[in-house]
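Remarks on the structure that follows.
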């Protein structure tokens, strides 16, 4: 148990050392956030509510998105895949303990670092300047924090699943590339899923992409917060299962093919 | 003594041949790049449609802006991607840039012709396709003048993006580190210019019309294409300034590049 | 062909200014084959960079082929060839043939000339079967031959070589040396060879320049260097049986099992005499003579020993 916590700490430290990337990242977040904010102000100029969201909800979405961007689309996504192709990953599988948990611990350490150094400051500053719908009670704030961590977990699980394609093919990026546009739109990173037409929205609401962004947004704005968190927990469990199955299959493959 | 363009074309052709070894992968990357444009635009359509208009502009008109911006960005990155700060930083750190300087060609030409990322052809074509689709939906009747304005927008936007990359590359010779802040201008600028400028407050408007003139490059010519007037302060005739502004910006970028090279030669790697 | 006067280069680093080249003077005439040696960090590559126009000198004058390198970089690039031992100037993913074509385009070599020269180079360097092969698939020895061909294809007046034989096997080294020697003799190409390999120098260079700590500490022929500074040689003896051995006129410097190293001064006793003495009184399985090491000589020159 202690070793996993140590990995968590190591991941946290590693990510916080990237000061320059942090500064650049915050600048990017701020810029896009400002532009998106202007867009929603313009959209809501003549309306109060659309699809059940008012302008404060929309702005909350914008700044949760900017805050969570680097957590969900972590730049280190292909590290594991590269380690698999180079053979380094074999060492990881042979070590005692649970490789999945180890990867998770390290990754979570990194995403926690981003949550602390990017997500929180971004949300805090935005909340000071704009009128957002952020939780006002301690309990609901804790729920939001929990939701953010769950989003980070789901994001890791996706990274793991996509990266594990490397066990089977050197073209692991191609699959992701073709699917990415759909992921991008369906996860709510282009526009809030709530604005999708009814049928499409109903479909997308059941996808494992919701826990990444829309769920924390819903927890923040207090719209179906409980359902959102429940959905996140359910997907964490399902993706965990998928991850373990994949890892087992990969392990068998390595034994047969020798890495 | 300037080299005939032929030399650079040969170099670029060699770069394309080198990547053509894996045609399926290339096709996938290009397709994926086009799909990103399609899905992003789809999202915008869904969004603006829900509200009816934004800043008085209908969804199809906003999509026209998106198409122009994506096309311009794709065109610039098709060649300018080699100038990305991370790549230049690598050239410097590995000492490969020394070899570039031993060749009887301009270092800029060599770097630009060293790699052609066809992925951006996908972006360019998808952007152009979006422009055609959006114009149709918006009821634009194409005339030579309007087509010219659309082309002007794409070329000017491309010039500005390219100039930003050029300047950043120049700075990288001095700092040797990649600069992610450049992405703010290249990708953020494209995003900002994809919405009608009147929704932005005066500071943003000033910044992106007069300093990094994306607004002049895309929004104003689009006014002409759509037959719109434009808000006070951004009349349609400003389109005449688009080319000079982009040109001036490019010149500035070129100066930064030159200064970067001078620094490199002066101090070594 | 090359004129260097009072050449200096000072780098500004975090630890303060570092003088990489501290005032160097030399002249290289057309057709000379010059070896350029010195310990790592001595300033060799800095000098070469200043000669090829990649680096701006801090002070002093440099002229190559009648041009000031940093001012007329492109014009000079047309007249000069460069080969880096560790890095490639060829197009990695394309067949070798295409690299030669591209060199032809770059240096504006008329097609007929290019084909003629290429045919000759192909013969001399045995490149024929390698032409359709992508450069990344070539062995180091093959690639080195290809690099030389590509560098020489535009018929440069000056050729700068940086460790061209590093990592090559004996056969490949011989091929490279033969080619360079031939090139210098028949085409009169001026060659500056930067190297640590003593054999390269002794076999190819009419003249040797040694640089250390940014200063030229030797500029003359290899033989003169040896006679002037290489006063000691080492006789390595493999005895038939493990027994103590003393040799008059030589100093034992090392012993490992049956192998003994003896150092002697060439002006006190000849190798032949020493060997005769040795064979007269001992059973010897094998023996070799070691010539003084350039690194040793450099160190000793720098320390002021003669």
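Descriptive notes on the structure:
Which chain is which? They are A, B and C, in the order written, and residues in each are numbered from 1.
As a convention for this text, a residue touches a chain if its C-beta (ideal position, glycine included) is under 8 Å from a C-beta of that chain, and two chains touch if they have at least 3 such contacts.
Model, not experiment: these values are computed from the prediction.
Chains joined by the most contact pairs: A-B. Closest chain to the protein centre (all Cα atoms averaged), using per-chain Cα means: B. Centroids of subunit A and subunit B (each the mean of its C-alpha atoms) stand 29 Å apart. Averaged Cα coordinates give subunit A a centre that lies 56 Å from the centre of subunit C.
Computed from the mean C-alpha positions, the centre of subunit B lies at a distance of 48 Å from the centre of subunit C. In the complex of the two chains, the subunit B residues touching subunit A come out as 25, 28-29, 31-32, 35-36, 38-40, 42-44, 46-48, 50-51, 54-55, 177, 179-181, 183-184, 188, 191-192, 195, 199-201, 204.
Those residues of subunit B that touch subunit C in the complex are listed here as 1, 6-7, 10-11, 14, 17-18, 21, 95-96, 98-99, 101-106, 265-268.
Remark: subunit C residues 9, 11-12, 46, 49, 52-56, 70, 73-75, 77-78, 80, 82, 84, 87, 89, 91-94, 98, 102, 105-108 touch subunit B in the complex.
Within the complex formed with subunit B, the subunit A residues making contact are 20-21, 23-25, 27-28, 31-32, 34-35, 38-39, 41-44, 47, 50-51, 171, 174, 177-178, 180-182, 184-185, 190-191, 195-197.
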